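Labels for the chains are A, B, C, D, E and F, by order of writing; each one numbers its residues from 1.
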(Lines give C-alpha, C1' and ligand atoms only; values in the text may rest on other atoms or scores of the structure.)
Protein backbone atom coordinates (compact mmCIF):
# COMPACT_ATOMS: atom_id res chain seq x y z
CA UNK A 1 0.00 0.00 0.00
CA UNK A 2 1.35 3.43 -0.90
CA UNK A 3 0.18 4.60 2.53
CA UNK A 4 -0.84 2.32 5.46
CA UNK A 5 -2.85 4.77 7.58
CA UNK A 6 -5.92 3.42 9.38
CA UNK A 7 -7.58 6.80 8.93
CA UNK A 8 -7.78 6.18 5.15
CA UNK A 9 -10.99 4.69 3.72
CA UNK A 10 -9.02 2.00 1.84
CA UNK A 11 -7.44 0.69 5.08
CA UNK A 12 -10.50 1.04 7.30
CA UNK A 13 -12.83 -0.58 4.73
CA UNK A 14 -10.52 -3.63 4.60
CA UNK A 15 -10.24 -3.57 8.41
CA UNK A 16 -14.05 -3.75 8.49
CA UNK A 17 -14.09 -6.70 6.07
CA UNK A 18 -11.60 -8.52 8.35
CA UNK A 19 -13.61 -7.76 11.52
CA UNK A 20 -16.91 -8.82 9.92
CA UNK A 21 -15.32 -11.82 8.19
CA UNK A 22 -16.98 -10.54 5.04
CA UNK A 23 -16.93 -13.00 2.13
CA UNK A 24 -14.97 -11.29 -0.65
CA UNK A 25 -14.09 -11.82 -4.30
CA UNK A 26 -10.47 -10.81 -4.94
CA UNK A 27 -9.34 -10.52 -8.61
CA UNK A 28 -5.63 -10.38 -9.47
CA UNK A 29 -3.83 -8.72 -12.40
CA UNK A 30 -3.15 -12.25 -13.71
CA UNK A 31 -6.89 -12.85 -14.08
CA UNK A 32 -6.88 -15.27 -11.11
CA UNK A 33 -9.90 -14.78 -8.87
CA UNK A 34 -10.26 -15.95 -5.26
CA UNK A 35 -13.22 -16.07 -2.95
CA UNK A 36 -12.73 -16.07 0.80
CA UNK A 37 -12.23 -14.00 3.94
CA UNK A 38 -9.31 -11.78 4.81
CA UNK A 39 -7.34 -12.69 7.93
CA UNK A 40 -4.91 -9.77 7.85
CA UNK A 41 -3.59 -6.80 5.83
CA UNK A 42 -0.30 -4.91 6.09
CA UNK A 43 1.86 -2.49 4.05
CA UNK A 44 2.87 -5.28 1.66
CA UNK A 45 0.13 -7.92 1.38
CA UNK A 46 -3.38 -9.16 2.03
CA UNK A 47 -3.86 -12.67 3.40
CA UNK A 48 -7.01 -14.53 2.32
CA UNK A 49 -8.43 -17.78 3.71
CA UNK A 50 -10.32 -19.36 0.83
CA UNK A 51 -13.52 -21.34 1.16
CA UNK A 52 -11.50 -24.57 0.89
CA UNK A 53 -9.29 -23.28 3.75
CA UNK A 54 -6.19 -22.35 1.75
CA UNK A 55 -4.06 -19.45 3.07
CA UNK A 56 -3.14 -17.20 0.17
CA UNK A 57 -0.67 -14.33 0.56
CA UNK A 58 -1.27 -11.70 -2.12
CA UNK A 59 1.10 -8.76 -2.56
CA UNK A 60 -0.86 -5.54 -2.82
CA UNK A 61 0.63 -4.78 -6.26
CA UNK A 62 -1.00 -7.92 -7.74
CA UNK A 63 -4.58 -6.92 -6.82
CA UNK A 64 -6.90 -5.73 -9.61
CA UNK A 65 -9.96 -5.25 -7.36
CA UNK A 66 -11.86 -6.65 -4.41
CA UNK A 67 -15.57 -6.65 -3.63
CA UNK A 68 -17.99 -8.19 -1.14
CA UNK A 69 -19.54 -11.37 -2.45
CA UNK A 70 -23.13 -12.33 -1.77
CA UNK A 71 -23.10 -15.71 0.08
CA UNK A 72 -24.24 -18.54 -2.24
CA UNK A 73 -27.96 -19.34 -1.74
CA UNK B 1 -1.53 7.91 -6.21
CA UNK B 2 2.06 9.12 -6.44
CA UNK B 3 0.86 12.38 -4.85
CA UNK B 4 -2.51 12.92 -3.06
CA UNK B 5 -2.77 16.73 -3.19
CA UNK B 6 -6.21 18.23 -3.72
CA UNK B 7 -4.59 21.08 -5.64
CA UNK B 8 -3.65 18.65 -8.44
CA UNK B 9 -6.03 18.35 -11.42
CA UNK B 10 -6.06 14.53 -11.12
CA UNK B 11 -7.34 14.68 -7.52
CA UNK B 12 -9.75 17.60 -7.98
CA UNK B 13 -11.24 16.14 -11.19
CA UNK B 14 -12.03 12.90 -9.34
CA UNK B 15 -13.32 14.91 -6.37
CA UNK B 16 -15.69 16.62 -8.81
CA UNK B 17 -16.87 13.28 -10.21
CA UNK B 18 -17.62 12.11 -6.62
CA UNK B 19 -19.49 15.34 -5.76
CA UNK B 20 -21.54 15.28 -8.97
CA UNK B 21 -22.08 11.50 -8.77
CA UNK B 22 -20.87 11.42 -12.35
CA UNK B 23 -21.47 8.09 -14.13
CA UNK B 24 -18.01 6.79 -15.08
CA UNK B 25 -16.45 3.99 -17.10
CA UNK B 26 -13.38 2.63 -15.31
CA UNK B 27 -11.06 0.28 -17.27
CA UNK B 28 -8.48 -1.86 -15.45
CA UNK B 29 -5.10 -3.19 -16.62
CA UNK B 30 -6.71 -6.65 -16.64
CA UNK B 31 -9.15 -5.51 -19.32
CA UNK B 32 -12.05 -5.53 -16.82
CA UNK B 33 -14.31 -2.54 -17.25
CA UNK B 34 -16.80 -1.17 -14.69
CA UNK B 35 -19.51 1.42 -14.96
CA UNK B 36 -20.69 3.26 -11.86
CA UNK B 37 -20.17 6.19 -9.53
CA UNK B 38 -17.23 6.84 -7.25
CA UNK B 39 -17.95 7.02 -3.54
CA UNK B 40 -14.43 7.85 -2.36
CA UNK B 41 -10.76 8.13 -3.38
CA UNK B 42 -7.62 8.06 -1.25
CA UNK B 43 -3.83 7.56 -1.63
CA UNK B 44 -4.29 3.85 -2.33
CA UNK B 45 -7.66 3.16 -4.00
CA UNK B 46 -10.83 4.33 -5.68
CA UNK B 47 -14.16 2.90 -4.52
CA UNK B 48 -16.87 2.49 -7.16
CA UNK B 49 -20.56 1.69 -6.65
CA UNK B 50 -21.66 -0.10 -9.79
CA UNK B 51 -25.06 0.22 -11.40
CA UNK B 52 -26.08 -3.10 -9.81
CA UNK B 53 -25.02 -1.68 -6.42
CA UNK B 54 -21.76 -3.59 -5.95
CA UNK B 55 -18.99 -1.87 -3.96
CA UNK B 56 -15.70 -2.36 -5.79
CA UNK B 57 -12.35 -1.32 -4.26
CA UNK B 58 -9.78 -0.74 -6.97
CA UNK B 59 -6.14 -0.06 -6.12
CA UNK B 60 -4.88 2.94 -8.08
CA UNK B 61 -2.12 0.84 -9.69
CA UNK B 62 -4.72 -1.37 -11.43
CA UNK B 63 -6.45 1.51 -13.28
CA UNK B 64 -5.85 1.86 -17.04
CA UNK B 65 -8.15 4.88 -17.50
CA UNK B 66 -11.42 6.43 -16.41
CA UNK B 67 -13.89 8.60 -18.32
CA UNK B 68 -17.36 10.07 -17.88
CA UNK B 69 -20.02 7.88 -19.44
CA UNK B 70 -23.04 9.31 -21.19
CA UNK B 71 -26.17 8.00 -19.37
CA UNK B 72 -27.91 5.29 -21.44
CA UNK B 73 -30.83 6.76 -23.48
CA UNK C 1 5.68 10.61 -12.87
CA UNK C 2 8.71 9.64 -10.80
CA UNK C 3 9.70 13.32 -10.88
CA UNK C 4 7.45 16.26 -11.89
CA UNK C 5 10.05 18.93 -12.69
CA UNK C 6 9.34 21.27 -15.58
CA UNK C 7 13.06 21.40 -16.30
CA UNK C 8 12.97 17.74 -17.40
CA UNK C 9 12.55 16.98 -21.13
CA UNK C 10 9.69 14.54 -20.39
CA UNK C 11 7.64 17.25 -18.64
CA UNK C 12 8.50 20.13 -20.97
CA UNK C 13 7.85 18.04 -24.12
CA UNK C 14 4.36 17.21 -22.84
CA UNK C 15 3.88 20.85 -21.80
CA UNK C 16 4.68 21.78 -25.41
CA UNK C 17 2.16 19.25 -26.75
CA UNK C 18 -0.51 20.79 -24.46
CA UNK C 19 0.37 24.38 -25.51
CA UNK C 20 0.40 23.50 -29.22
CA UNK C 21 -2.70 21.29 -28.91
CA UNK C 22 -0.63 18.65 -30.73
CA UNK C 23 -2.67 15.67 -31.97
CA UNK C 24 -1.21 12.62 -30.19
CA UNK C 25 -1.51 8.84 -30.23
CA UNK C 26 -1.40 7.47 -26.69
CA UNK C 27 -0.96 3.68 -26.26
CA UNK C 28 -1.70 2.02 -22.92
CA UNK C 29 -0.22 -1.12 -21.33
CA UNK C 30 -3.62 -2.77 -21.94
CA UNK C 31 -3.16 -2.33 -25.70
CA UNK C 32 -5.85 0.40 -25.78
CA UNK C 33 -4.87 3.28 -28.03
CA UNK C 34 -6.34 6.80 -27.99
CA UNK C 35 -5.95 9.70 -30.36
CA UNK C 36 -6.54 13.23 -29.13
CA UNK C 37 -5.07 16.31 -27.46
CA UNK C 38 -3.80 16.64 -23.92
CA UNK C 39 -5.55 19.17 -21.70
CA UNK C 40 -3.38 18.73 -18.62
CA UNK C 41 -0.64 16.65 -16.95
CA UNK C 42 0.29 16.31 -13.29
CA UNK C 43 2.28 13.98 -10.99
CA UNK C 44 -0.36 11.27 -11.29
CA UNK C 45 -2.14 11.44 -14.65
CA UNK C 46 -2.49 12.78 -18.16
CA UNK C 47 -5.90 14.00 -19.34
CA UNK C 48 -6.73 13.52 -23.02
CA UNK C 49 -9.63 14.99 -24.99
CA UNK C 50 -10.32 12.53 -27.78
CA UNK C 51 -11.43 13.46 -31.27
CA UNK C 52 -15.02 12.53 -30.32
CA UNK C 53 -14.71 14.90 -27.32
CA UNK C 54 -14.37 12.32 -24.55
CA UNK C 55 -12.33 13.31 -21.49
CA UNK C 56 -10.03 10.42 -20.58
CA UNK C 57 -7.97 10.42 -17.36
CA UNK C 58 -4.98 8.10 -17.71
CA UNK C 59 -2.73 7.34 -14.75
CA UNK C 60 0.89 7.73 -15.76
CA UNK C 61 1.65 4.09 -14.81
CA UNK C 62 -0.75 2.82 -17.52
CA UNK C 63 1.02 4.57 -20.43
CA UNK C 64 3.09 2.46 -22.84
CA UNK C 65 4.10 5.35 -25.14
CA UNK C 66 2.87 8.55 -26.72
CA UNK C 67 3.75 10.14 -30.08
CA UNK C 68 2.61 13.01 -32.26
CA UNK C 69 0.12 11.89 -34.87
CA UNK C 70 0.05 13.32 -38.38
CA UNK C 71 -3.40 14.92 -38.94
CA UNK C 72 -5.53 12.75 -41.25
CA UNK C 73 -5.36 13.96 -44.85
CA UNK D 1 8.68 -5.21 -0.42
CA UNK D 2 7.29 -1.75 0.25
CA UNK D 3 8.35 -2.24 3.88
CA UNK D 4 10.78 -4.93 5.17
CA UNK D 5 9.88 -4.98 8.88
CA UNK D 6 9.94 -8.35 10.66
CA UNK D 7 7.07 -7.14 12.85
CA UNK D 8 4.75 -7.20 9.81
CA UNK D 9 2.63 -10.32 9.20
CA UNK D 10 3.78 -10.50 5.55
CA UNK D 11 7.46 -10.72 6.58
CA UNK D 12 7.00 -12.96 9.61
CA UNK D 13 4.70 -15.39 7.74
CA UNK D 14 7.38 -15.82 5.05
CA UNK D 15 10.04 -16.10 7.76
CA UNK D 16 7.98 -18.95 9.22
CA UNK D 17 7.73 -20.67 5.82
CA UNK D 18 11.54 -20.46 5.51
CA UNK D 19 12.13 -21.80 9.04
CA UNK D 20 9.66 -24.67 8.58
CA UNK D 21 10.84 -25.36 5.01
CA UNK D 22 7.16 -25.22 4.07
CA UNK D 23 6.41 -26.50 0.54
CA UNK D 24 4.89 -23.53 -1.31
CA UNK D 25 3.22 -22.76 -4.63
CA UNK D 26 4.41 -19.42 -5.96
CA UNK D 27 2.50 -17.89 -8.93
CA UNK D 28 4.01 -15.04 -10.95
CA UNK D 29 2.32 -12.21 -12.88
CA UNK D 30 3.49 -13.97 -16.06
CA UNK D 31 1.36 -17.00 -15.19
CA UNK D 32 4.47 -19.07 -14.36
CA UNK D 33 3.98 -21.18 -11.27
CA UNK D 34 6.74 -22.75 -9.12
CA UNK D 35 6.61 -25.25 -6.33
CA UNK D 36 9.40 -25.42 -3.78
CA UNK D 37 10.81 -24.07 -0.54
CA UNK D 38 12.04 -20.59 0.19
CA UNK D 39 15.69 -20.22 1.19
CA UNK D 40 15.69 -16.47 1.79
CA UNK D 41 13.71 -13.21 1.44
CA UNK D 42 14.91 -9.61 1.40
CA UNK D 43 13.67 -6.13 0.39
CA UNK D 44 13.97 -7.00 -3.30
CA UNK D 45 13.43 -10.72 -3.90
CA UNK D 46 12.41 -14.17 -2.73
CA UNK D 47 14.69 -17.11 -3.48
CA UNK D 48 13.01 -20.48 -4.08
CA UNK D 49 14.62 -23.93 -4.30
CA UNK D 50 12.36 -25.95 -6.53
CA UNK D 51 11.65 -29.64 -6.13
CA UNK D 52 14.16 -30.39 -8.92
CA UNK D 53 16.75 -28.33 -6.97
CA UNK D 54 16.78 -25.21 -9.16
CA UNK D 55 17.53 -21.88 -7.43
CA UNK D 56 15.07 -19.27 -8.65
CA UNK D 57 15.42 -15.59 -7.75
CA UNK D 58 12.05 -13.84 -8.02
CA UNK D 59 11.76 -10.08 -7.64
CA UNK D 60 8.94 -9.22 -5.26
CA UNK D 61 7.15 -7.17 -7.95
CA UNK D 62 6.69 -10.28 -10.13
CA UNK D 63 4.77 -12.27 -7.50
CA UNK D 64 1.00 -12.73 -7.96
CA UNK D 65 0.50 -14.88 -4.85
CA UNK D 66 2.02 -17.60 -2.71
CA UNK D 67 0.38 -20.37 -0.69
CA UNK D 68 1.36 -23.49 1.24
CA UNK D 69 1.08 -26.59 -0.90
CA UNK D 70 -0.09 -29.91 0.51
CA UNK D 71 2.73 -32.47 -0.03
CA UNK D 72 1.84 -34.90 -2.87
CA UNK D 73 0.38 -38.16 -1.48
CA UNK E 1 14.41 5.37 -13.30
CA UNK E 2 14.64 4.46 -9.64
CA UNK E 3 17.87 6.48 -9.54
CA UNK E 4 19.07 8.99 -12.20
CA UNK E 5 22.79 9.16 -11.41
CA UNK E 6 25.19 9.51 -14.33
CA UNK E 7 27.73 7.45 -12.38
CA UNK E 8 25.50 4.37 -12.75
CA UNK E 9 26.17 1.98 -15.66
CA UNK E 10 22.49 2.05 -16.70
CA UNK E 11 22.53 5.84 -17.16
CA UNK E 12 26.01 6.11 -18.68
CA UNK E 13 25.39 3.24 -21.13
CA UNK E 14 22.27 5.02 -22.42
CA UNK E 15 24.17 8.31 -22.48
CA UNK E 16 26.72 6.57 -24.71
CA UNK E 17 23.98 5.26 -27.03
CA UNK E 18 22.63 8.84 -27.35
CA UNK E 19 26.10 10.31 -28.03
CA UNK E 20 26.96 7.63 -30.61
CA UNK E 21 23.46 7.73 -32.12
CA UNK E 22 23.48 3.95 -31.73
CA UNK E 23 20.66 2.16 -33.58
CA UNK E 24 18.65 0.37 -30.87
CA UNK E 25 15.80 -2.10 -30.57
CA UNK E 26 13.49 -1.14 -27.72
CA UNK E 27 10.87 -3.71 -26.59
CA UNK E 28 7.93 -2.64 -24.39
CA UNK E 29 5.93 -4.61 -21.82
CA UNK E 30 3.02 -4.50 -24.30
CA UNK E 31 5.08 -6.48 -26.80
CA UNK E 32 5.50 -3.41 -29.04
CA UNK E 33 9.01 -3.13 -30.44
CA UNK E 34 10.65 -0.01 -31.85
CA UNK E 35 13.87 0.49 -33.76
CA UNK E 36 15.57 3.88 -33.74
CA UNK E 37 17.97 6.22 -31.95
CA UNK E 38 17.55 7.82 -28.57
CA UNK E 39 17.47 11.61 -28.47
CA UNK E 40 17.20 12.00 -24.69
CA UNK E 41 16.65 10.23 -21.34
CA UNK E 42 15.50 11.59 -18.00
CA UNK E 43 14.09 10.33 -14.66
CA UNK E 44 10.73 9.53 -16.27
CA UNK E 45 11.15 8.62 -19.95
CA UNK E 46 13.29 7.76 -22.95
CA UNK E 47 12.64 9.54 -26.23
CA UNK E 48 13.26 7.55 -29.43
CA UNK E 49 13.41 8.83 -33.01
CA UNK E 50 12.35 5.91 -35.16
CA UNK E 51 13.73 5.13 -38.59
CA UNK E 52 10.62 6.69 -40.14
CA UNK E 53 11.30 9.84 -38.09
CA UNK E 54 8.58 9.46 -35.48
CA UNK E 55 9.26 10.87 -32.00
CA UNK E 56 8.16 8.33 -29.41
CA UNK E 57 8.09 9.13 -25.67
CA UNK E 58 8.32 5.95 -23.62
CA UNK E 59 7.92 6.02 -19.84
CA UNK E 60 10.71 4.04 -18.20
CA UNK E 61 8.17 1.70 -16.52
CA UNK E 62 6.94 0.46 -19.93
CA UNK E 63 10.36 -0.79 -21.12
CA UNK E 64 11.00 -4.55 -21.19
CA UNK E 65 14.55 -4.30 -22.61
CA UNK E 66 16.75 -2.40 -25.04
CA UNK E 67 19.71 -3.58 -27.13
CA UNK E 68 21.96 -2.29 -29.89
CA UNK E 69 20.72 -3.35 -33.31
CA UNK E 70 23.08 -4.30 -36.11
CA UNK E 71 22.43 -1.89 -39.05
CA UNK E 72 20.54 -3.68 -41.88
CA UNK E 73 22.95 -4.93 -44.57
CA UNK F 1 15.90 -2.53 -7.07
CA UNK F 2 13.92 -1.23 -4.11
CA UNK F 3 17.20 -1.31 -2.15
CA UNK F 4 20.72 -1.61 -3.66
CA UNK F 5 22.69 -2.79 -0.61
CA UNK F 6 25.49 -5.30 -1.21
CA UNK F 7 24.74 -6.81 2.19
CA UNK F 8 21.40 -8.09 0.87
CA UNK F 9 21.23 -11.67 -0.49
CA UNK F 10 19.54 -10.47 -3.71
CA UNK F 11 22.46 -8.14 -4.54
CA UNK F 12 25.27 -10.43 -3.38
CA UNK F 13 23.83 -13.47 -5.19
CA UNK F 14 23.78 -11.51 -8.47
CA UNK F 15 27.27 -10.16 -7.69
CA UNK F 16 28.38 -13.80 -7.38
CA UNK F 17 26.77 -14.69 -10.72
CA UNK F 18 28.66 -11.78 -12.35
CA UNK F 19 32.00 -12.77 -10.73
CA UNK F 20 31.60 -16.45 -11.68
CA UNK F 21 30.24 -15.60 -15.14
CA UNK F 22 27.41 -17.97 -14.30
CA UNK F 23 25.21 -18.92 -17.30
CA UNK F 24 21.70 -17.70 -16.42
CA UNK F 25 18.17 -17.92 -17.77
CA UNK F 26 16.39 -14.57 -17.35
CA UNK F 27 12.60 -14.49 -17.92
CA UNK F 28 10.79 -11.17 -18.41
CA UNK F 29 7.19 -10.17 -17.58
CA UNK F 30 6.58 -10.10 -21.36
CA UNK F 31 7.33 -13.83 -21.55
CA UNK F 32 10.66 -13.14 -23.33
CA UNK F 33 13.44 -15.37 -22.04
CA UNK F 34 17.20 -14.78 -22.44
CA UNK F 35 20.17 -16.99 -21.74
CA UNK F 36 23.55 -15.46 -21.05
CA UNK F 37 25.92 -13.97 -18.48
CA UNK F 38 25.47 -10.78 -16.50
CA UNK F 39 28.09 -8.08 -16.99
CA UNK F 40 26.73 -5.59 -14.48
CA UNK F 41 23.82 -4.70 -12.14
CA UNK F 42 22.81 -1.37 -10.65
CA UNK F 43 19.78 0.28 -8.96
CA UNK F 44 17.90 0.41 -12.28
CA UNK F 45 18.93 -2.47 -14.56
CA UNK F 46 20.74 -5.72 -15.21
CA UNK F 47 22.93 -6.02 -18.30
CA UNK F 48 23.13 -9.45 -19.95
CA UNK F 49 25.54 -10.63 -22.66
CA UNK F 50 23.70 -13.33 -24.54
CA UNK F 51 25.29 -16.42 -26.00
CA UNK F 52 25.22 -14.77 -29.45
CA UNK F 53 27.06 -11.78 -27.92
CA UNK F 54 24.14 -9.32 -27.78
CA UNK F 55 24.19 -6.72 -24.97
CA UNK F 56 20.73 -6.52 -23.45
CA UNK F 57 19.79 -3.87 -20.87
CA UNK F 58 16.84 -5.02 -18.78
CA UNK F 59 15.16 -2.69 -16.28
CA UNK F 60 14.73 -4.44 -12.94
CA UNK F 61 10.92 -3.92 -13.08
CA UNK F 62 10.66 -6.09 -16.23
CA UNK F 63 12.23 -9.21 -14.65
CA UNK F 64 9.95 -12.15 -13.75
CA UNK F 65 12.75 -14.41 -12.47
CA UNK F 66 16.33 -15.48 -13.03
CA UNK F 67 18.04 -18.83 -12.43
CA UNK F 68 21.34 -20.54 -13.13
CA UNK F 69 21.23 -22.59 -16.31
CA UNK F 70 23.06 -25.90 -16.66
CA UNK F 71 25.53 -25.54 -19.59
CA UNK F 72 24.26 -27.46 -22.67
CA UNK F 73 25.90 -30.92 -22.92
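Basically, a contact is a pair of C-beta atoms (placed from the backbone, for glycine too) under 8 Å apart; a residue touches a chain by one contact, two chains touch by 3 or more.
The chain lineup, named per UniProt: A, B, C, D, E, F = RNA-binding protein hfq.
Computed from a prediction, not measured in an experiment: that's the story for all the values here.
Here the chain-to-chain distance from subunit A to subunit C, counted in touching steps, is 2.
Where subunit A touches subunit D, under half of the residue numbers in use are shared by the two copies, so each contributes mostly different positions.
One finds 33 Å separating the Cα centroids of subunit A and subunit F.
Per-chain Cα centroids separate subunit E from subunit F by 19 Å. Residue positions 1-2, 29, 60-61 of subunit D are each in touch with at least two other chains.
Listing every chain once round the ring, from subunit E with subunit F next, yields E, F, D, A, B, C.
Put simply, subunit B touches subunit C in their complex at residues 1-3, 5, 8-11, 13-14, 27, 29, 31, 60-61, 63-68. On the subunit C side of its complex with subunit B, the touching residues are 1-2, 4, 28-30, 32, 34, 40, 42-45, 47, 54-62.
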